[in-house]
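The following blocks contain the structures, represented as structure tokens.
Both complexes shown next keep chain A, but they swap its partner, so chain B is in the first and chain C is in the second.
On to the complex of A and B.
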């Protein structure tokens, strides 16, 4: 490995008057091998060049989640990221996490994030649905999400959180799934009802960024999809999100094609759809009117047979977590 | 190599975003790419079907993949969400033999040919930029875009999750839109937001948030100097293009960024007529931007 010179362009943030933060970019030069971590180099800068640079860090082992920052456009753990993997022509741009209030330099106020995690009640509750017996396969869903280290990388990248700060967000929803799928949890249905409300699990836009940025392979969006399946299974279908989802198998069974003409009505209800007349007219201006006459795909009866077969004899296709074995 | 594919345009391209399908067919004809229709193919179900009926979703996708396999062709689509849904199913059916057996048992029982896991799911954008000989492609660009500043908007579902897509779609050698833009004689505009969400999948449940996403992405591209935006996805087209003016009113900002499917702009640069490419169906008029490079 050869030593190279890298430029760290770091966003410096200083708390100003009445909570406003003043930002500017500052460049630092560091010598490093490509497999040196960003965290090591931030320490080098702080120790040797500029003691005023502020960032969080603790374990250095991708287990505490403290050092999540924006590195070359994506939120990553500084301790797990090699400089050579993220430098573009020797330049590394470093900023605090997104979607979070900035305190100073790279340090953010993590409290709003944790308030959302606390809001989903991140603990087992006693109740009527607690299983008396726990089988060997009981944790094949729970274990998908238990490796979450609450670093908030997903929250920082979440496109829905960016435009709706009230949205529960991927980390808290993944945590909620951990309890919904735990056999010992006593209030699963109550949880699903709560999560089905506005700004909850149905607001995920499925951009899949949380899956790709998670340093611990939690795949929060997959947990959100499974929460939605379980929520609808408990009958919590009275909202635009679930009604929209339910339209798909109806149509595929009927004609094989999505009926876009009636989709809005079915998702929003008659009154909701009437409120969207403006949008329909706007689309119609350019001839964008879905056909009211359904087109049947060839062999649509096969789809109905498949559907009926699976209703009679369900097949479990959910991904299972690898068995957690002691190392 | 012969470029023949089982063509899966997706529901949006068959109805509201018909112009993308017209453009895709016109461009392919010029480039010697044969698109074979799939008369049996149903809606892929998107993530919605995975949410309501996970096993049915897997079987529906397997039935579509099986049709392409029976035709002996890889599948090509122009919708990112179809791409992600079918790639996700293909990835699992190819890597989990037990799952494939279970799903194939249901298909067989229902009179459908089982899926052997032998085909690839591709985006037409990848076919044009990775499989068509660049010299042939360049030779067809008869109306080069003369430095038109173009924002490529990828959206989400042709990039992520990385696990199911070949990593080349995401790394530097991916950059399919930028490579195509250069081949067409345009200048790719770098801006924040090109791989973020258009908001399509929450357009009915969280419409104000969708409007905010449209405005954020479009204004970011415009501020970076973009004269026009192209996407590889019919759903992004609908939101970033057709719904853009509604988003403008909602966020009370002027955007006015012409947006079209990549196949439409490629068609224009190949001298295909505007009529054939359905340019008149665009909500944000691209005439001025195109006229600036002599493509009036």
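On to the complex of A and C.
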């Protein structure tokens, strides 16, 4: 491999008055082979050029979760990201994680993230639903979520957290799934009820970014979808999220096409829908209000047969962790 | 000033397990940790945790293996205690929620590990430490125990009667320096891997607790015994679990020869770690390595077994060496991994300084003696976290808070002020650290020769002078990692000096300590612990010897150690 020069353009953040942060970008030049990790090079800069450059790190082997930062636009673990894989024309842009307050330079305040993890009761509870004996395959479900190292890459990239800071977020929900799927957990139903509430598992917009950025193949969104399925299975359907899902199910099964005209009312209820009148008028003005009358698509009979078959023999949506691939 | 009955420093497996004993006892316990608990280095342990839980195994056999592994210098009372307690804590962790890998019948699965005469290492794939750490953190959250997160201890404070009074703590998030009073203090701060340049350890493993205990007058034991793990990745030193050999992996040299048979004809790759590391180093020194490394070959295990049992190892090899173990052998070499030595305690984790306790890698109880067996460190952390925690809770029950000499706080504030305000004439902390750590690797490694060791020992006064001149680029209060590295560097210098002085004094070869000028074990003179004390007047380390604690079991009598 050949050594080349890279420019690290690093966002420097200094705490200012009452929570405000003053930011500027600073360039550093480093010599490295393409397979050198970003963390190694940050250490090189700190040790040899500028000791004031601040970032968190510890294990260097992608297991402690300290060094997640934004590298070339994506939140990644600095210790497992090769400079050659992320540099564009020799330039690497580095910034702190998103969706969280900044303490200094690349170090963010981790407390809001962990407060949400604490809120889902991240511990096994005794209760009526605890199973006795554990089988050899009992943890196949638990395993992919226990790979989570709480690095917050997913939380940093989460598009829903960006617009709704109260949303529980992918890491905490994946952790919740870890307990819901553990045969030893005694209060699975109680958990599902709690997670069905506002800002919980139904707030995810399924953008899949959390799955893409997770460095440990946890696939938080898959865990969220499984939580939803199990929540509905337990009868927790009286909320906007599950009603929305049921309306989809009903329409596709009946006509093969979504009835968007009635969808909002079925999701939000009459009063909820009335609150959106302004939006409806706005849409009407632009000619975007769909027809209220159901339209049956061609081959709807076949669609219904697919539904019936799936209801008799459900597809196993449970997946194991994906195989790791190099970056 | 804030006060607690018991203050635990460190939130790895030992610290958190000890804290849970505090919650159980209903005392006011708090944890101080320089990183979030889940960032603690216990998470990096991969392979597993030993316990005689199989009906065909016995704790007595586990204890015998451990005594032999320690090269007959472990304290036998503590070893018996640990091995007897092992099955209990495995089932406790299982109930708390650790997802241990299972056999087909649903029992906790066990794999073979080096130096063990039975397959007794319980595991969760190749990330056993991570799942154990997360489980204990879950219980810690459940208990509601107060955690001072991202707070770095700067000093252990004693009262005028010599009893512990509390700590001076630096809040990394704000730069505030404050005192915390405690009736008892338990140090669970882990190892000192960063004394060396090439290490499997996290960059935060700077042995802070050991250095504070030393400076507070509590001696360190057996610091010369530094474990080299046989399989650190060539470039970064990152750990590849012994479980890889436990699952059947081979060690091969550049000629493709599976060489361990020449060194350990019975156990081959699963001989004790000191034996395997020396064999590898010999192969490399005699020219049968490639770029300073030999190879761990997993290819014959097949794709499925690698993906099922060693998935993280495969990813690490891909990410950090660019090698897929399914298709090619992984370049590895002996790498600093574990400190057998540490804060000297009795078998309940109590130190000679009243009110002070230590557990886990920070402590020298000593269950590992001159060489630790794979799978015994996770066990040590949890067993002695529990035992020492319970013992400390009982102790503080009868104690009152001592007067806290407040001048210690102003002294620490002054130390920080002075460090920050130095002119930019000296080195950066990183450069001085590099000099020391590189020399430790060169002169106090797998093989130790007298001339090199003497050169190294002679360097310490120079480095201490240089330390007084280092300068910081970061003058700010908030998240000043530059300052922390400088404070940690003094701790590393103290510990490095204990290691090299111990190694020079111990004129024999035992376990991980191998002297080319004294290649044999000398039980008559050296079946003893080394104690290192801090000498306040000369500002250097001085040594004493201490007898090992035996239990009179004839099985434990020293024999020649073969594998």
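Throughout what follows, the second predicted complex is superposed on the first by the 311 of 327 C-alpha atoms of A that agree within 3 Å, B and C clash if a C-alpha of one lies under 4 Å from a C-alpha of the other, contacts with A are read in each partner's own complex, and residues count from 1 in each chain.
Heads up, the rule we're going with is that contacts are C-beta pairs under 8 Å (C-beta built on N, C-alpha and C of every residue); 3 or more make two chains touch, one makes a residue touch a chain.
As the structure is a computational prediction, the values presented were derived from the model and not from experiment.
Bringing the complexes onto one copy of chain A puts chain B beside chain C with no clash.
In the superposed model, A:159 makes contact with chain B only, not with chain C. By the document's definition of touching, of the two partners only chain B reaches A:211; chain C does not. Once the two complexes are laid over each other on the shared chain, residue contacts for A:140 go to neither chain B nor chain C.
By the touch criterion defined above, A:129 lies against neither chain B nor chain C after alignment on the C-alpha atoms of chain A. Contacts of A:58 after superposition on the shared chain: chain C is touched, whereas chain B is not. When both complexes are overlaid on chain A, the residue A:309 reaches chain B alone and has no touch with chain C. Of the two partner chains placed around the shared chain by superposition, neither chain B nor chain C is touched by A:93.
Of the two partner chains placed around the shared chain by superposition, chain C is the only one that A:15 touches, whereas chain B remains out of contact.
When the two structures are aligned on their common chain, the gap between the nearest CA atoms of chain B and chain C comes to 17 Å. Judged by the document's definition of touching, no chain A residue lies at the interface with chain B and also at the interface with chain C. Of all residues in chain A, those touching chain B in their complex are 73, 159-160, 162-164, 202-209, 211-212, 219, 225, 228-229, 232, 239-241, 244-249, 251-252, 256-258, 260, 264, 267-268, 276, 278-279, 282-283, 285-291, 295, 297-300, 302-303, 305-307, 309-310, 314-319. Within the complex formed with chain C, the chain A residues making contact are 14-15, 35, 37, 40, 43, 46-48, 50-52, 54-66, 80, 82, 103-105, 107, 109-110, 114, 118, 121-124, 133-136, 138-139, 142-143, 146-147, 149-150, 182, 184, 321, 323-324, 326-327.
Here chain C touches chain A in the complex through residues 35-36, 38-41, 43-44, 95-97, 99, 101-106, 124-125, 127, 129-131, 134, 138-139, 141-142, 173, 202-204, 236, 238-239, 307, 311-312, 314-316, 318-320, 322, 324, 428-431, 434, 472-476, 478-482, 485, going by the rule given at the top. Interface residues of chain B facing chain A in the complex, by the touch rule stated above, are 11-12, 14-17, 39-43, 45-56, 58-60, 63, 84, 92, 99, 102-103, 106-107, 109-112, 156-157, 159-163, 192, 196-197, 199, 201-202, 204-206, 209-210, 212-213, 216, 242-243, 245-246, 280-283.
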